[in-house]
Structure formats: structure tokens, C-alpha cells
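Take a look at the structures below.
Two complexes, one shared chain (chain A), two partners (chain B, chain C).
Entry: the complex of A and B
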């Protein structure tokens, strides 16, 4: 069973970068999956879009800067980053304010990504 | 069907971990295989030997231990999640010079790679928590 072809694994992250541990926990899952050379979609929804905001200064709360890791994702061949356009807009954000280039998509595109995935993790 | 069950909520804080247990037990009873149980994030609290309940309350940790043992399930608690939350096996306790260990012997500490492997090898991954 170790000769399976790559699966499509989709990660959906929905919480703020700090204040809860979920954002870091989701990122750790993505990085682990990347090592296994699977097809990875990384979707930012709801307050999860804040994770990508430029200018984070979490050292003030003795936290590590999560956003630095997002810029390193291409090194892991994780290139398919998506944000829910509505969630971005609702929070007064736009793609220029994000630390990495992302696909800004509508909810129906996210639904399609989920449908085409073998495994979906939400954290 | 070959299943992997991911638990990322602590017992008693919400119903998620209990639901994961009921799902796992039901799946096994229905003839499905559980390739791996993976406890991540707050879910690692399900593997603490020191969790103690009032006598008239359901002991979820004891239930997990019985289920894992009787079906010989591969049960992993994420090592980085576990260490942060004070769930250590004897080896980690020695490594970090801690005075005690508390990982129930039915569980193994290992990395997230075990979850990814399980995702690749299983027909379905079912997550509980949130």
C-alpha cells in the first residue's frame, strides 16, 4: 500500500494567527503533508485570512511570527493558497496587504476544491 | 473500509472526543478497520493516564484504552502537542528531565507524519474537534 499515487489534501484554516493555537497547528499539518509530496490546497477562511496580513508583530505577546512561514511555503512546493474573497473584504483587507500571493476566490470555488479533495482537514 | 480517526479536542471540554470514541467503536463493530487513531492539538489530553473522573461519570480515557487494546489499534498522540500540554512518556520525561510521565501505555508519541501517512493509506479520514 505504500505505492499510492499522490492524494489531494486540503487544509482549511479559519482562526486568527494569535490568541488560539489552531492557526499554528494547521500550518504544522500543511508542512508535514508537504514533506510527503502530496497535492496540497491551503485555504484561508473567516478570521483565518488575518494570518496572511503583512506587518505582524507578535513578539509583543511573546509569540512567534506565523506569517514568516507562509513566505517559505513555495520551498515546500505548497503553491496553491486560496482566500475566501468575501471574508477578506468583510475585514477591510485586500490581496496587496498579504504576505504572499494567493488566489482570491468565491465560496463556490472553495466548495469545488473540497469536492475534488481526497482528504480535508479543518482546524 | 479502512478508516483513520483524527481527534483534536480535549475530553470533557466538548462532546467531540466522546463522539470520536463512539464513532470508532461503531465502525469497528460494523466490520471496518481503523488504520490509525491520531490525537492532535488538545486531543492529546485523551491519552493522559492521570485524567480522573467522578465515579458516576463516563471514563472516556479508560474507554479509549480498552478499545485500543481489544482491537490492537495503532493510537498516536502527536508528540509536539503532547509535550506542550504535559503529556509525556517515560523516554520524553527522561530527555527533558521532568519528574513524571503520564502517557497511557496504549498510546505512542509520534509526529504529524503519522497523520499524513494515515491520510495516504486510509480510504477515509474522519475528524472530530473544533
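Entry: the complex of A and C
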């Protein structure tokens, strides 16, 4: 498939990892879009930043570890993960405490990413 | 006449702030599910005569360790949760 027909698809995930299916659904959509070799931006905002926290052990609540899947994203060519810097800070988190390397950006960078996207999904 | 308040949302939702308006002396507040993310907030606004708890399994699941609760919030496991329910006349769940 020639890349010039590829679209830029941006996913903004804003929910906590467990207790409901939103975070998992968003990750599944990212992986599906990646299989079709689209240009993907994966943005973590608000409570979505909690998904990236290191040291999760959801076996205690009979749930699958969502953060483990993030380490596989580079295999799907998904390398552009963004975090809203002050959402991280508001929750007392910093980049070293996250399971994967991310671009910690301000809101206006996210606004630009949205404007450059063909399609944006928020979950 | 005491009440057990349970909270299962992060502090970006209004659950915790609404609960804090009506929690009274002798009541207890227990953070469960996503409510454990609000533990640092709750540490900073201790209430006179209100015991604070967080569910241990939910803290572990989310990669939060109990040591960050600085002693103002005690952790309980599922059995402890049941004990708390039995110790109070009524439960109010905020979400």
C-alpha cells in the first residue's frame, strides 16, 4: 500500500486503566489502525496518564495488565506517544515513573497534533 | 449513627468533594477502585473525627504503593472492607 494514501489518525485516551473498558478499547483501536500502517499519534490526557504508571499489578483485581501492552507498541510502528505535561504534574507523576518513553508536551502541542490529523478518536 | 462513605472515582470527578461536604464526626471514608487515585488529595484534607481508608488490592493493581499514604490513610483488604461495612449503620457510595 503506498504510504501517500495513509491517513494521520490521532487517539486521545482520557480514562483510568481499570474498572471499565474504555482504556482497553482505545488501545485495541490503536493496534488495529497500526496494522493498516496509518500514521498514529497516541495522546494521554487527564486520568489517561494513569494508564502509563509503572508497577501496576492488576492480578489483584483479576484484570489484565494494560501497561504491558504499551511496551509492544514500537513493534506496531507506534512510536509517537504524547502526555499532557500538566496532567502528569497535577497527579504527582513524572516521566521516569512511566512504563514507556513519551513526549511530555503542553496543551498547544496537542492542539496542533489535532489540527494536523485526518481523524481523531477520544475515549 | 455512623456512616461508611465509599468513593470509586478519581478526584477529577465530584465524588470526593461531594462526600467531604457531608462526612461527619464518627464517619469513615473508604477509597475503592479508581477512588484510590484520590488518596494524595484526601491526605491533604484530613477531616476531624473521620477515619480514612483505602482498599489495598486496588492500590496494588494501579501501581500505587501504600507508603505514599503517609499514615493518615489506613489500608484494608477485602475482609477489612467487610468489617468496615459491619461496623457502620449505613453505607453511602459516591461515584
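The rule is simple: the second predicted complex is superposed on the first by the 119 of 123 C-alpha atoms of A that agree within 3 Å, B and C clash if a C-alpha of one lies under 4 Å from a C-alpha of the other, contacts with A are read in each partner's own complex, and residues count from 1 in each chain.
Assume contacts are C-beta pairs under 8 Å (C-beta built on N, C-alpha and C of every residue); 3 or more make two chains touch, one makes a residue touch a chain.
Computed from a predicted model, the values in this text were never measured in an experiment.
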| item | value |
| --- | --- |
| Clash or fit, chain B versus chain C on superposed chain A | fit |
| First (chain B), second (chain C), both or neither touched by A:63 | second |
| Where the C-alpha centre of chain A sits as vertex, the angle toward chain B and chain C in the overlay (nearest 10 degrees) | 90 |
| Contacts of A:48 with chain B and chain C, given as first, second, both or neither | neither |
| Chain B versus chain C as contact partner of A:92, first or second or both or neither | second |
| Partner chain in contact with A:17 - chain B first, chain C second, else both or neither | second |
| Gap in Å between nearest CA atoms once chain C and chain B share a frame through chain A | 15 |
| Touching both chain C and chain B, counted on chain A across the two superposed complexes | none |
| Residues on chain B engaged by chain A in the complex (per definition of touch) | 6, 8, 40-41, 80-81, 111-113, 115-117, 119-121, 125, 127, 129-130 |
| Chain C to chain A touching residues, read off their complex | 8, 10, 12, 33-34, 37, 40, 57-58, 60-65 |
| Interface residues, chain A side, partner chain B - complex | 1-2, 4, 7, 9, 21-22, 25, 28-29, 32-33, 35-36, 38, 118-119, 121-123 |
| In the complex with chain C, residue positions of chain A that touch it | 16-19, 46-47, 50, 53-61, 63, 67, 91-92 |
